[in-house]
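There are structures below to look over.
Okay, so subunit A shows up in both of these, paired with subunit B first and subunit C after.
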Partner chain A sequence: MSNFFKPVFDLEDYFDKKVHIRFLEGREVSGVLKGYDSNSNCVLDQAIEYLTDANGNLLQPPQIMFLGLMFCKGSSITSIFPEEGSTIIENK
Partner chain B sequence: MALLLPYELVDKCVDSRIWVKLRNQKEVVGELKHFDRNLHMILEDVTCYEPLNEGKLKITKLDQILLNGNKISVIVPGGTGPENAKIQTEKEYLEQEKMKKEKQMKEEKEKIEEEVNSTLQKTNENENINH
Partner chain C sequence: MYPLSLIRSAKGSPIQIELKSGEIYNGVLINCDNRMNLKLTQVVSTRKGQNQALKLSECCVRGNTIQFLKLPELVIEKTKQQAEKRNQYKKRFGENSQKRYGRGGRGGRGGRGGRKRGRGRGGGRGGRGRGRGGRGRGRGRGRGGGRGRGNSKN
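Entry: the complex of A and B
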């Protein structure tokens, strides 16, 4: 019962870190996490978006659109992970 | 380091242009008049962008709309919109970031050198006075 009111995870660990956010329809965005709330809505600073084509697939080679300060709606977010410690590996 | 609460950011945007990206590939740029907890928004002087296949963009202009907050993905304050946004390849972007970091490192080094030099000078002066 006492676990009911605790959040499943805490975005405090990612505060002020460069973070990569994936959304439900294939959008990907990365930026410095400057704010969050319990619904997982996020505020990112110096944010960039990795562009997709009309069907939602990421463009190859990756194109980047510079957005700046932005708000991400928590209900559309699929995953949030920090950029440090993550690398791109080739498909095999 | 103070948290910037998400709804505070949207509150600051009232009466200014914002760029809203929806869950599908649609985007809406307009002047934010009101919003609520569910992020339903009243926008004025709106342009809607819908990318069609083959890279075309369908643009519609509307006077005043109520935008449903359920399908919103991203809100960007400032109404640049997808037409005027700055687009680069990832390579160029990464190079830019490198340059910025190198600049920062240089500046920090210079600061430290200056401090060291000034403290050295002070100690020299003190020694001279004592002699």
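Entry: the complex of A and C
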């Protein structure tokens, strides 16, 4: 029952940090988390979108589009993770 | 056994999430909530059709995007144990509440019922009595033994 008051999606830890947000259709955006709420709607500053090809795979080398200040609707968010501590492993 | 209770007892154990989009997250579950949003640590995330995997220290996955979870088999025993504990608590609290309500309730019901029954019986008796009395009055008038009127006349 304590989870009821403090949602797991407590983005307090990620506040003012650079985070990656993944969306339902495979879009990926990264930016500094400036605001959030219980529905996990997010406000990102200095947001960058990583562009994908027609199949939804991220383009290699990554091509970016600069978005600036953006609002992300929580209902279409898949996952959120902080950029620090994330490393790419090649050839799974 | 509810799915959310199964997930709650999986806190701290390795878990694999597959999302509706085909992404796979392998990690240790830290926390979960009622909407099935999960927080993982030591995560490796893979995407469909990509040779790269992403290693993350922490990750939040939104519950509505989850397709299925792979949990370790130990989790089933954990949930059964917790379910048994809850049943025991329910039994204890249930017994106490029944005793309290039973004493008070029975007494209250008995009192109320008694009054009602008393009134009912009294009314019934009164009705029956009146009926008998009526018959009696009739006889009484003739004989002169009725309640008040009969006597006064006589």
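Definition applied: the second predicted complex is superposed on the first by the 85 of 92 C-alpha atoms of A that agree within 3 Å, B and C clash if a C-alpha of one lies under 4 Å from a C-alpha of the other, contacts with A are read in each partner's own complex, and residues count from 1 in each chain.
Methods note: contacts are C-beta pairs under 8 Å (C-beta built on N, C-alpha and C of every residue); 3 or more make two chains touch, one makes a residue touch a chain.
All figures in this text were calculated on a predicted structure; none of them were measured in a lab.
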- Query: With the two structures laid over each other on chain A, which partner does A:I48 touch: subunit B (first), subunit C (second), both, or neither?
  - Reply: first
- Task: Examine A:L24 and indicate which partner it touches, taking first as subunit B and second as subunit C; both and neither are also allowed.
- Result: both
- Message: Looking at A:F81 after the superposition, I want to know if it touches subunit B, subunit C, both of them or none. Which is it: first, second, both, neither?
- Response: second
- Query: So, A:Y36: does it touch subunit B (first), subunit C (second), both, or neither?
  - Reply: first
- Task: Check the residue A:E90 against both partner chains and state whether it touches subunit B (first), subunit C (second), both, or neither.
- Result: second
- Message: Applying the document's definition of touch, where does A:C72 land relative to subunit B and subunit C: first, second, both, or neither?
- Response: first
- Task: Look at A:F15 in the shared chain and tell me whether it touches subunit B only, subunit C only, both, or neither; answer first, second, both or neither.
- Result: first
- Query: Of the partners subunit B and subunit C, which touch A:P62 in the superposed model: first, second, both, neither?
  - Reply: first
- Enumerate the residues of subunit A that count as touching subunit B in its complex and touching subunit C in the other. 24-25, 75
- Can you check the complex and tell me which residues of subunit B touch subunit A? 1, 3-10, 21, 23-25, 39, 51-53, 55, 69-78, 82, 85-91, 93
- Within the complex, subunit C is touched by subunit A residues 3-4, 7-9, 11, 13, 22, 24-26, 40, 55, 57-58, 74-75, 77-82, 84-92
- Would you pull the subunit A residues touching subunit B in the complex into a rising list? 15-16, 23-25, 27, 29, 34-37, 41-43, 48-54, 56, 61-73, 75-76
- Please give the residue numbers of subunit C that touch subunit A in the complex, ascending. 19-21, 23, 25, 31-35, 37-39, 43-47, 49-62, 64-65
